[in-house]
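Across the two complexes that follow, chain A remains constant while its partner is chain B and subsequently chain C.
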Partner chain A sequence: MDLKLDHRTEDRLTIVEVEGEIDVYTAPRLRELLIDLVNKGNFHLLVNMEKVDFLDSTGLGVLVGGLKRVRAHDGSLELVCTQERILKIFRITGLTKVFGIYASVDEAKEAHGRDK
Partner chain B sequence: MATVELTFSALPAHVRTARLVATAIARRTGVAEALLDEVRLAVGEACSRAVEAHRVHCPGEPIRIELRDDSGRFEVTVTDSAPNDDLQSPGTANGLVSVEASADSMFGIVPEMPGLGIAVIAGLADDVEVSPGPTGVRIRMSWPAATPNGVPAH
Partner chain C sequence: MTDATDVTGDLAGIRDAVSVRLPAASAYLSVLRTATAGLAARLDFTLDEIEDLRIAVDEACAMLLRQAVPGTDLTAEFELTGQEMSIRVEVSTVGIAEPKRDDFAWMVLTALADDVDAVSDSPDHMAIVLRKRRGAARPA
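This part shows the complex of A and B:
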């Protein structure tokens, strides 16, 4: 399955909807989107990965790259993910300590609101 | 004896094909359903790393993947042809290095986090061997599979 990307802004939070496979072939598109969003002043990103079927280290690298970019503007990049097979790769690489990972968009929005 | 061998051009789009083939053969070989995601991810990581290495050093050369069903295990070997000067370091005299030792020196498929792909493979397969050499890197990994009579091997 190819990669589908969409995004919307709610309050100060930009929600990036990702669907499909994030791998060495498709990850550049996600990288371009994150860079574009940051360049346009969106520094608080929430990446919804609930419809992601596959994620590899290329995708992890793109997310880490995005995190570095938003942090340079005192921003944030957090994730929504409950799929065990996706969470596993975050655990293997220790990135569960780097990203805020939430069970739903609403839960993430609530946490983001508290932090504002 | 290899049950399936395939070669593919060093294009990112072909990595997905390699993943699908490896997963299909793993299933047919009798690898447990719970392990198929690990096979898919580990094979994808190895092929992604090889594709990136070839794109830098030898884009015209194909990447080879062998899928074997030997002694109750499903074994996958991904071999690239990209020279890697960094691998001529202490600890590689016998052509083998530990995954931990090799991870930092491998070509990273992720510019932000070099070596992450190898680290992921090490976390997924319980049997991994990374064999760097002057003419390329071979990554061999295996998982338990069903024996010929259908009983899962341990």
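This part shows the complex of A and C:
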């Protein structure tokens, strides 16, 4: 399973759909997309991880890198993830405290709307 | 879950050793993860334990690949006993290389495996050995 990436912008929130495996081989593509989005002025990102089958520390590093970039522009990078096996990696590394993690895109959009 | 006693009964006393050799390139890591999951299933590891092993092997290899000489191979030696899987992954390096122990990869690897040893005493090889026991309760 390779990595499929897609994105769309709704209001001021850019939703990044990620499907497949994020590892040391595929993570650079996600990194490039996040960098590209930020360079084009998208500073509020929501990464939907619901279709991610595999995530390792390289993927975590890419997400943390993305978070640093958007924060430099007073932006946000939040996640949609309910899969226990993926959340476990965030917990091990303490990153559940760093990222806003939502159960659905709608829930995240609602929270984002409130924060505007 | 199927009858665990039957499976372990079949494997009791058997020494299963499997070697996998792949190019030391990240594109092949998914192949090694799949092999890891298949072998772990032979020992009737739970789905959570299989997932832990898949990630642990991936992390160990990702660490090694940073030090690997391009164009060489990565070898993975799996040893399956009744209750435990031991995996040694190894690459060729230039000089003595040490894994970084202060990054996410090491944190994840040591959290998911029961034992982890980095073997970096050889001037041109670096290996990581990890072990996981079936049914060993560990905090999430």
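Please note the rule applied: the second predicted complex is superposed on the first by the 116 of 116 C-alpha atoms of A that agree within 3 Å, B and C clash if a C-alpha of one lies under 4 Å from a C-alpha of the other, contacts with A are read in each partner's own complex, and residues count from 1 in each chain.
Going forward, contacts are C-beta pairs under 8 Å (C-beta built on N, C-alpha and C of every residue); 3 or more make two chains touch, one makes a residue touch a chain.
All of these numbers come straight from a predicted model, not from anything done at the bench.
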Simultaneous placement of chain C and chain B on chain A, clash or fit: clash
First (chain B), second (chain C), both or neither touched by A:65: first
A:89 touches, of chain B and chain C: first, second, both or neither? both
Partner chain(s) touched by A:24 [first = chain B, second = chain C, both, neither]: both
Chain B versus chain C as contact partner of A:56, first or second or both or neither: both
Intersection of chain A interface sets (partners chain B, chain C): 21, 23-25, 54, 56-58, 60-61, 85, 89, 92-93
Touch list for chain B against partner chain A, complex: 12-13, 15-16, 19, 37, 40-41, 44-45, 48, 51-52, 109-113, 116-117, 119-120, 123-124
Complex contacts: residues of chain C adjacent to chain A: 26-27, 29-30, 33, 48, 51, 54-55, 58-59, 62, 65, 103-105, 107-108, 111-112, 140
Of chain A, residues touching chain B in the complex: 21, 23-25, 54, 56-58, 60-62, 64-65, 68, 85, 89, 92-93
List of chain A residues in touch with chain C within their complex: 1, 21, 23-25, 54, 56-58, 60-61, 85, 88-89, 91-93
